[in-house]
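By written order: A, B, C and D. Residues from 1 in each chain.
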Amino acid sequence: MSVNEILLAAGGALIMAFFSMVGGLWFAGIDRVLAARMQARIGPPVRQPFLDIAKLMIKQNVVPANAIPWLFNGAPVVALASAVTILLYIPMAGIPGLPILQGHGDLVLIMYLLILPALAMVAGGLAAGSPYATIGAQREMVTMIAYELPLAATIIAFAWKFASLGIEHPFSLATVAAQPVWTLVGPVGFMGLLLLLVTMLLVVPGELGRIPFDAPEAETEIAGGLLVEYSGRNLALFTLSLAVKTIVVTSLIVGLFFPWNLTDILAVACCATTAAMINLAFFILKLLVVMFFSVTLVRISVARFRINQVVDVYWKILGVLALLGMFLVMADALF
Amino acid sequence: MKLLTPQEIADTLQAAAGAGFISARCTEWAEGAKGRKSRQVWLHITREALLPTLRRLADIHYPHVSVIAHADTGAQVDLMYHFYIYWGIPREEILVTLTISLDKSDLRTPTITGIIPGALTSEREKQEMLGIEVVDIPDGRRLFLPEDFPEGVYPWRKDETGIPPDMVKELWATGRDSLQLDDTPPAPTPEPPTA
Amino acid sequence: MTFPIVPDLLSSLFKKPNTNPFPAPQLPPTVTGLLDEVNQGKAELNPPVPAPERLRGKMTYNRETCIGCNLCIKVCPAHAIEAIPAVKKVRFYVSQCIQCGQCTEICPKQCLALSGEFLNASHDRYDRSLIVER
Amino acid sequence: MKTIEVKKPSGYFTQIGPAHPALKEPVMFNLDVEGERIIKADFAPGMSHRGIEWMGLRRNCIQVIYLAERICGICGITHSISFVRAVEQIAQIQVPVRAHYIRSIVGELERIHSHLLWAGVAAHELGFDSAFYLAWRVRENVMDLVEYLTGNRVHYAMIQIGGVRRDITREQFPRIEESMKFFDNAYDQLARVFLDDTTVQMRCRDCGVLTYEEARQLCPVGPTARASGIKKDVRVDHPYAGYADLDIEYMTPDRLTGEVRGDVYDRIVVRLLEVKQSIALVRQLLEQMPDGPLLAIPKPAVLLAKLKGAAGEAVGRHEAPRGEVMHYVRLEAGKDEPVSWKVKASSYSNYLSWIPMMEGEQIADIPIIAASIDPCISCTDRVALVQDGNRRVLTKAELHRLSVEKTRRIQASLSAR
């Protein structure tokens, strides 16, 4: 990479960070309004998350007496930075120049990066020196281990499919984006992909720590768990990182399963800018739909699981589903 | 199970109390259009007779302990142990109250948790609120009073160990005397006495 | 696996919310400013939910017919009534009144009643609007 | 006073409460936990002791009715009904039958509202907020009905010694029936949402078990006892008020599920069944309600004079939504105020059953187990402060001063910026 490219990438990353935070908060607002309407409530205005962040920013930032200050204060920054970083690797709507770090990382890297914000939260929770936060941190680690299995199984299934077709860079997201995976499989593989999609949709609430997989935060049990001691700016950063992470995981699902662009489907020919705008709007719509089904609807229609049930669900149910899906995708080649 | 009448229960318990028996009465009270009656047995016994009487009662039917009520009568503290037997049989329940009177010089009573563990809450409460010592209580800690509540003050006593006036804070009156209520018409001034 | 609430949730998405709306949809920058706007016809408030007929609200007192028998003080559970011995009348502290209405029943002259007025909140419990003397 | 030394346990020690999102009212749980599992549970109530009985001994019987009404913020009738029943027995006041029926009707409406409130809280403890909103939305209807009948949503001020203060007239029947129809439908919906939901079953089945034998010995009351198969219900056991004329059944979970397990799920089942039972009871009571006066002694001044002459002791009981409420009252001739008044609220009997329910369960189950007995603690204006190992109690005035100081400090630092 030349200096120019690095500068360009850095500038792009900053712009990306800004838009992902704004977008993430906007998504959070929409999520809350939709949830409220489904519960027959009026709900907050869509801009509420922005107001919340603005309020948190001017609030006192309390560091508990028995916390480890550098870790306690550093964790939110790491969480936000790593969440934004992942976004630099995920293709979006075929817009030229995106992802900024195209060609520098693949699905395996993303899988690793996805752990980072969660790890930062664990570190912050442990550094807080509160029993509730410690319990929350332990639970977060367990949750992380739990959802890795279905997530990994899905990614392996994808890579195997591309590799078996002799496509170069099977783990690259660009490959997945270029060729919608549904077109590569027969009916059996289609079934398998459906299973994988369901699995991935249910990994999202775990990644984001939403009900039913929010045992690490569990407001009514451990009073917010990991985040119990956080306030002010630090809490704002964590909230932002979760908002960005919402965009990250939904984009990942869209990128894996629904990479189509509106301009390609309708075969419209127009200038590049207009096409990019249309595709971006369509992409955001896809993200919203994915978020509605995997976050909003799920989190309001079930009760919270105990931590052992989280593991049971991810390993015994979703793990099996994902493995079955993977097997079907593989078996598809035989027919 | 043959159901005993209140009078039979009183007689049985009187026999169990033996020398510790003081008095007994049976009462009834009807409510509703059909005049169905609820029945009560009130037994006054000594402290020593409490456990034997209760054991006999538990033989009749395992009692539901409602609460241990109290009354400070001056020289004595009365404890009323309220039990219900024949619960689970529609409209047949009978209240059996065992009353014991304790002299304030010797406020001790045996625990009944050996027979009915559910009485623990009430016994702990009697200790802190009345200054009664429940002998052999399995858990003698305070229950309802705050930790910094002074020792030797028993809220339910009506003597010098009760709540002293300086602990009482009349919230409703706070700030009233400082009000400047100017629209209250002045009191009619009496006519100055003539001559 | 059954999730019986999901159909209800999805159908509520297309129904009107159940909440009784606040007078204003969102907290205005200044309440007095909003009220001014309402007076000028520039803004509208959501109408309040009507109060039921039997609602027990703020006390009303007819000082003229009161004979100062103090029976109401005898039954008031909340010490909300104060005697003014000098004039043989009484005074009511609305902030301490629990709206049981027992005083209205014992009053021999029927000079007490509970009105339907329920907006009795104030930052000061001895606010002049919360002391009924006449 | 004898105290017991608590043995130093293995694992670690954690506290939940007195103020914690899992607890809607202040109580403290002291827990020895190993990982997520509770080894030993203990609780400390009394964070909100208000000395109500002490206050009652300084007021006349009519004033005490309203004091009793405020013992609980949810049950506006249970304590007043129990208190006046005790006083009526002492003074031998025969209550008109119509008043008995009205008392029972309000009591049943209160049960519906209390159980729905509980269902909402329980759902929230499980993290199932949609069911919480659903239950409370439905509850709004019964609150409106109670407000329509009595004039207020809680603290109905309906009860008077010797009867009731307000009538339920024939013109009001259609409005009541309209609500009962609404609850028929709501019951179906709630039963579906709470009992068929897989996640609720995962969280509540075999969680917080109280066996029949434990329940017999610890003497819990109300739905807590009935969910363990103990047939205790004051309305059935003890003929009183309008219930004396009705045929009421003990609601145990086996009526719906065919078995009694004594877990949290069974407690949900019992409460839902009781909502249905209450709907039927209100209809029966309305149908059978006779005409007649409302009060045995209509003039409060006359009543006060009669009570001043009454002497004796009696017990008044009522089946509150949470179980048996019992008031012991002793009056002496020549005194306006009772010489002794002991209040036994329903949760008082249920506290002890927390311990066998919690031990062996997970930390995650504490909120729902704590909520499953529907504890009714209460609020107060003091807070305990632990500083350098010393404990002291902050008064409301101090708290207010501290918060004013802090606001000033923040304002100063903001303006300095």
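Heads up, the rule we're going with is that contacts are C-beta pairs under 8 Å (C-beta built on N, C-alpha and C of every residue); 3 or more make two chains touch, one makes a residue touch a chain.
Just so we're clear, the structure is a prediction, and the values are computed from it rather than from any experiment.
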Longest centre-to-centre distance from chain D, chain (CA-based): A
Averaged-CA centre spacing for the pair chain D and chain B, given as whole angstrom: 21
Approximate Å spacing (C-alpha centroids) for the pair chain B, chain C: 38
Chain A and chain C: spacing of chain centres that average the CA atoms, whole Å: 49
Between chain D and chain A, distance of the C-alpha-averaged centres to the nearest whole Å: 44
Chain D residues counted as touching two or more neighbouring chains: 130-131, 134, 137, 197-199
Residue list for chain A, restricted to those that touch at least two other chains: 38-41, 300-302
Graph class of chain-chain contacts, one of line, ring, star, complete, other: other
For the chain D and chain B complex, residues of the former touching the latter: 1-4, 44-47, 49, 51, 53-54, 89, 95, 97, 100, 216-221, 230-232, 236-245, 248, 250, 288, 290, 313-315, 317, 324, 326, 328, 330, 339-340, 342, 344, 348-349, 351-352, 382, 384, 391-393
Chain D-facing residues of chain B, complex: 27, 29-34, 36-38, 40, 42, 62, 64-67, 69-73, 78, 80, 82, 84, 86-93, 95, 97, 116-122, 127-128, 133, 137-148, 151, 155-156, 163
Complex contacts: residues of chain D adjacent to chain C: 59-60, 62-67, 69-70, 130-131, 134, 137, 144, 147-152, 155, 157, 165-166, 189, 192-193, 196-199, 299-301, 304
Complex interface listing, chain C residues touching chain D: 1-5, 8-9, 18, 52-56, 71, 74-78, 98-102, 105-106, 108
In the complex with chain B, residue positions of chain C that touch it: 78-80, 82, 84, 86-87, 91, 93, 96, 125-126, 131, 133
